[in-house]
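Okay, so here's the structure we're looking at.
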Amino acid sequence: MATSDPSVKTTPAVDETGADSSRILQTRGLRKEFGGLTATDAVDFTLEEGELRCLIGPNGAGKSTFLNLLTGQLAPTAGEIYYDGADITGLPSHERVGRGISMKFQVPSVYEGLTVAQNLRIPLQQVVEPDAFDARTREILERFDLLEQWGTVAGELSHGQQQRLEIGMAMAMEPKLMLLDEPVAGLSIEETADIAELLREIADDDGVALIVIEHDIDFVETIADRVTVLDGGSIFREGPIEEIKADPEVKRIYLGEDH
Amino acid sequence: MAGAGLLNFGFEFVEIFAFIVLATVGLAVIFGMMGIINLAHGEFILVGAYATTFAFAAGAPLPLAMLTGVVLTAVYGLVLERLIIRHLYGRLLDSMVVTWGISLVMIQLTRIVFGNTAPGIGIPFGQLPIVDGPVYYLVLAVVAVGVLGGLYALFMWTDFGIRARATMQDEATARSMGVDTDRMYMSTFAVGSGLAGLAGALYAPVMTITPEYGTGFLIEAFVAVVVGGASVLVGTVLASGLLGTVNAAVTNVAGTFMGQVAMLIAAIVAIRLMPDGITGLLADWRENRGEGQ
Amino acid sequence: MFVTERSLTRRSVLAAGSAGSLAATAGCVGEGAVLGMGDGGTNPTAAVLEDRSGTFALTGTAKYRTTLLAIEEINRDGGFLGEELEVFAPDPQSDNMRYQDLARHAIYQEDADVLWAGYSSATREAIRPLINEHEQLYFYTTQYEGGVCDKTVFPLGATARQQLGAVVPHMIETYGDEIYTVAADYNFGQLSGDWVKIIAEEHGAEVVGEEYIPLEESQFGSTINNIQSAEPDFVMSMLVGQDHSAFYEQRLASGLTDIPVGTSTNMAQEREHLRIDPPALEDVYAGVNYMEELPTDRNEVFVERYYERWDDAEYINQEAQNNYFSVYLYKEAVERAGTFEQSAVIEALESGLEVEAPEGEIRLDPETHHVEHTMRVAHADENHDISFDEPRTIEPVFLQEAGCDLTSEAEQTQYEPEAFYEEA
Amino acid sequence: MSVDSSDGPLAAVRRPFEGPNTMGNSPAFWLGLAVAVAVLAAMPVLFGLYAAEVGAVFLAYALLGMSLAFIWGYCGILSFGQVAFFGVAGYAFGIVAINVATLTGLTVALIASIAVSTVFAAALGYFMFYGGVRDVYVTILTLVVALVLYTFMGQTAGGEWAVGDARLGGFNGMSGVPDLAVGVGSTGVEIGLLGHYYVTLGALVATYLGLRALVNSQFGYAMVATREDEDRTAMFGYDTTFIKLVVFTIGGAIAGLGGVLFTTQNNYVDPSVFGITAAALPVVWASVGGRTSLLGTVGAALAIQFVDYRLALSGSEWALVLIGSLLVIVVLLMPEGVAPRLHEYVLEYREDADPSPVPREPPAATEEVSD
């Protein structure tokens, strides 16, 4: 279990692959095929440090596949992935996570058998010394408004609380890049607003880069610096939210005329 | 290999192939389809063997005695399903431990009630000319293939089969489409038990009947189901073929014992190379070649 | 360092606990015990450990019943030195590990004065460490591979040398000199296979093929194929246990009954000739010291009393008769020694005892602790009727040659034929 | 959640052994444990050498049971083949000890046999886990490995199956295995009947405490996380395959230790140790005792084997029927086993006794809720 030391951070000026150092993530010609179907088609994607990018697109556009390629759950058929100045294409998931990539799954997956504090302990012990566990846990639970649930078994939490706990666990890893797959699916209006505020705060205060897959356009509008529209496995449009909203083509592929 | 040697190997293979298929087919239904790891499978076979033996000793002709064996085991399976197995659906590991308890109880009860031996039945139909092995083994092979064909027809083409498979794959949806899932579980389990009883009945004349009679079938059956993989019937045939070949080849060279050891090692390697079994592998090949989708 | 009252109590308890165990190690512990779980009463006890279930249930049940028959008979007319012999007889279920537990319990808790235990040689070897450690008087009554030279052990069954010595020469004379050996794959089978080779060598015959079959195997397809291709004059079978009786069914089904079979184990032990329909055991010859069908009048009286006592009994096998006469042997020894104390009884046993047995006169050889048996060759015809040839007494000569003399030097070894005969 | 647990002078001693992954954390628990160990230690005093001999066998079985509870209860690996390591270590000790029966020889035999079972577990674990074999297939594969050993060892009765002068012996088993002894050259200690009982008891207690410390350590959390959700845990940077391999190997070592102590107690080992009945015993103990509780499994192992032993003595044929039915009833009614259910009662009892108004606040509270 690689425990990266948060205090020491050296970002190389320009690394040998010529990738601009301020870019936290870059993919080149990333491709994934399942039998006959091309889920991800030669995607060149870049993300700056601390940027909050939303990934939208009709169902089956390859959003989840793209995320799984980044986390290493899926191996690409072709192309490379550069993260934090290094080529991580071949790395298994647990080593990528060790370098600061963390993931919030589409289906909320917390350790339902363990208490909230125990849940947090699993990621925390990767990055922090044991004597700091209690302080760090209190800090995260306060920030994610879960303090009273310290000793409750995660399985008994509400859907919204579980989502917040899972994001909290991802944050406990002190990531530089966080990938979130539909974090507000099935949440109430206030809970969605809380999550939006939280994500914005993580991007701005903690300087963490975020890629968020979400269908709720209003939610995207409130939080996204830029938006990438995926369709048929490739990037269809990319730019600030106002541009994307105004673009008639985007409406067309969403409303399902032939594309 | 000389002509006779080849014939011997062929006969040996037929003998072991029939044994594995018949030992496995009942378990394939119960474990493969219903997700119940039935460690008492050997003792279901035992019920079939004892029922056949005592029916035969009471004067019934052999085929009728075997039929009683099958029917009695199916009824026995039904009773057990309603009493205990019903609570184990979806609890894979618990089903293994509970059926293991049932197996311990059944072996010891058989010993207490029936003592250590049961009257023997001679092997019917004389013997083959060149190979000098009993004709009965060929009969067993034919029955084995017949049973597989019958099961395939039952589960693929009949209305019962489709509803049973639907229940096993997704009980909730099946129930929502009006399938009486409880009855499906009961009847599928009864079919599985009946098949185990059939294996016991068919091998009653060949092997000495003792309370530990069933354990001789257990490992071959489990290994074949696991090596066979997801699709129950095709998997059983392929696994029995693979394991049968290995067993027959080594038995011919180094005796039945090394044949058994070789087969088990082949099974370990097969489970390792094909974690989802042969049929799992076939499904992946089809998928990668783009045919599936 | 200030210690709170609460933690003091907790600490003292912990300390007391560990101290307790140290005291125990310090050794106020001996054979006896403070509470003593044992319920061994004052009167003499015999431990009779015979399998009534599992692989050796067929022979074990009869051994248990004849032992009880003999003890009850003696207890009825005056007992052993005037006392009734108590019996401790749980069922070891043909499981060697369980034999160890029960033997240990018999020695410690029942403080058994005499032990009958075990059918297979494997069982004997499993409990021998315990018997040697406690120098327990032990009667081993199964016919076996021979060679056990042990101060407190009395192997009263016929040895392979005695049984094969009777049947192998007989088969060579009548059928020819090419032999195919099929034997159970454990120490008895292996060593019997060696004896067949030695005796064949002595009579100018030759073993053309050998196969050792594990005890729980009941498929003989490949074995029968090999016999057919070897085409021997006769087969020597030292198969043992219920699973191996399937050999004869498959022998009939594969048309192998034209090749005669000599054996030292079948028929006399697992009564295959009664359990399997004829003619599966046609032309099977067994070298035995006893079978229920023995036509002597003394045997008829014994068989009658046996079925009177056990009405559901099935057959008196060779080992059961050995158990029966060994109880009378023990009675003689106890009366000659005048005590149940084991070393005295062993000395009495080594003073040359003789006893009347259903099979005939039995003389116990002092040096080797073995007995002279009246051996016969039993033959089963196509409807499994048994006929015997004329008896002859064969002495336990192997151990005498090997130099085992327990009267002068107490040993605890087993001699193997390989060491003495280069052809083995 | 006894608030006072953190101030007693013994707390520092207990600190490494406590944590939410194990059930007993209160001083009452430790007191109970100490009393239990004292009672076990007093057995030979009360019942003589006989109890020492029989007891040592049960304690060796308890080690075997604990090895399964550790890998199954805490990491979700249900291995049906723990007896494979148990038996292999036994035979390995026999082979080395019979050939080199000196003091050093016996010490080497002890170390070598545990090393053999550990390496065997590591190899089998690597073969399975890095080959993508998961869940129920691990169970069946480990069972098949045990049965291959049973079948193979069953036919090694011939003279040719001997390593030096240690004959494997096939179904007769290997007899004449010397007693345990530790030392170098001529200085060392022969472990007789009595000593063997205390060595086994000591090994059991030490292994239990060691596992408790391990399970409450960071690695323990990684194990529990792997058990709960392997994919999720991989996404927290844990190499779950490696974790399973390490856990499986430790399980193999503990089962091996049990095997050596069992074999040296009986001075005999035979293939039935690998048989299907033997393979199922640890599963019975862990299921009945509760796989997530090391102590529960040890308790179940001692109790069940004692009942089986007494029933065998009384010649009753009903032993197996009783154990079989016990297994069926317990798993149906209390799937998680006896100890966890007891623990819940204790908690409820303590809850009613002093319902603490303060919700479980960090950091003073050491959480009691186990998984």
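A few points about this structure:
The letters A, B, C and D name the chains in turn, as written, and every chain counts its residues from 1.
The criterion applied here is as follows: a residue touches a chain if its C-beta (ideal position, glycine included) is under 8 Å from a C-beta of that chain, and two chains touch if they have at least 3 such contacts.
Please read these numbers as outputs of a predicted model, since none were measured by experiment.
Centroid distances from chain D, each centroid being the mean of CA atoms, peak for A.
A count of C-beta contacts for the chain pairs B-C and C-D puts C-D on top.
The distance from the centre of chain B to the centre of chain C, each centre being the mean of the chain's C-alpha atoms, comes to 38 Å.
A separation of 37 Å divides the Cα centre of chain C from that of chain D.
Centre to centre, using the average C-alpha position, chain A and chain C are separated by 75 Å. In whole angstrom, the spacing between the mean C-alpha positions of chain A and chain B is 49.
Counting partners per residue, chain D has 151, 154-155, 317 as the residues that reach two or more other chains. Residues of chain C in contact with two or more other chains: 53, 185, 214, 216. Interface of chain D with chain B (complex): residues 78, 127-128, 131-137, 139-141, 143-145, 147-148, 151-152, 154-155, 276-277, 280, 283-284, 287, 317-321, 323-328, 331-332, 335.
Partner chain C is touched in their complex by these residues of chain D: 4, 8-10, 27, 30-31, 34-35, 37-38, 41-42, 44-54, 57, 151, 154-155, 157-159, 169-173, 175-176, 194-195, 198, 201, 266-268, 270, 272, 309, 312-315, 317.
Of all the residues in chain C, the ones that touch chain D in their complex are 1, 3-4, 6-7, 10-11, 13-14, 16-18, 20-21, 23-25, 27-38, 53, 89-91, 93, 95-98, 100-102, 104-105, 108-109, 120-122, 125-126, 128-129, 185-187, 189-190, 212, 214-216, 418. Across the complex, chain C is touched by residues 4, 8, 11-12, 15, 111, 115-117, 119-120, 122-123, 126-127, 131-134, 136-137, 206-208, 210-212, 216, 251-252, 255-257, 259 of chain B.
The touching residues of chain A, counted against chain D in their complex, run 1-2, 71, 73, 92-95, 97-98, 102-103, 105, 109, 111-115, 117-118, 121-123, 125-126, 130, 134-135, 137-138, 148, 150-151, 153, 169, 173.
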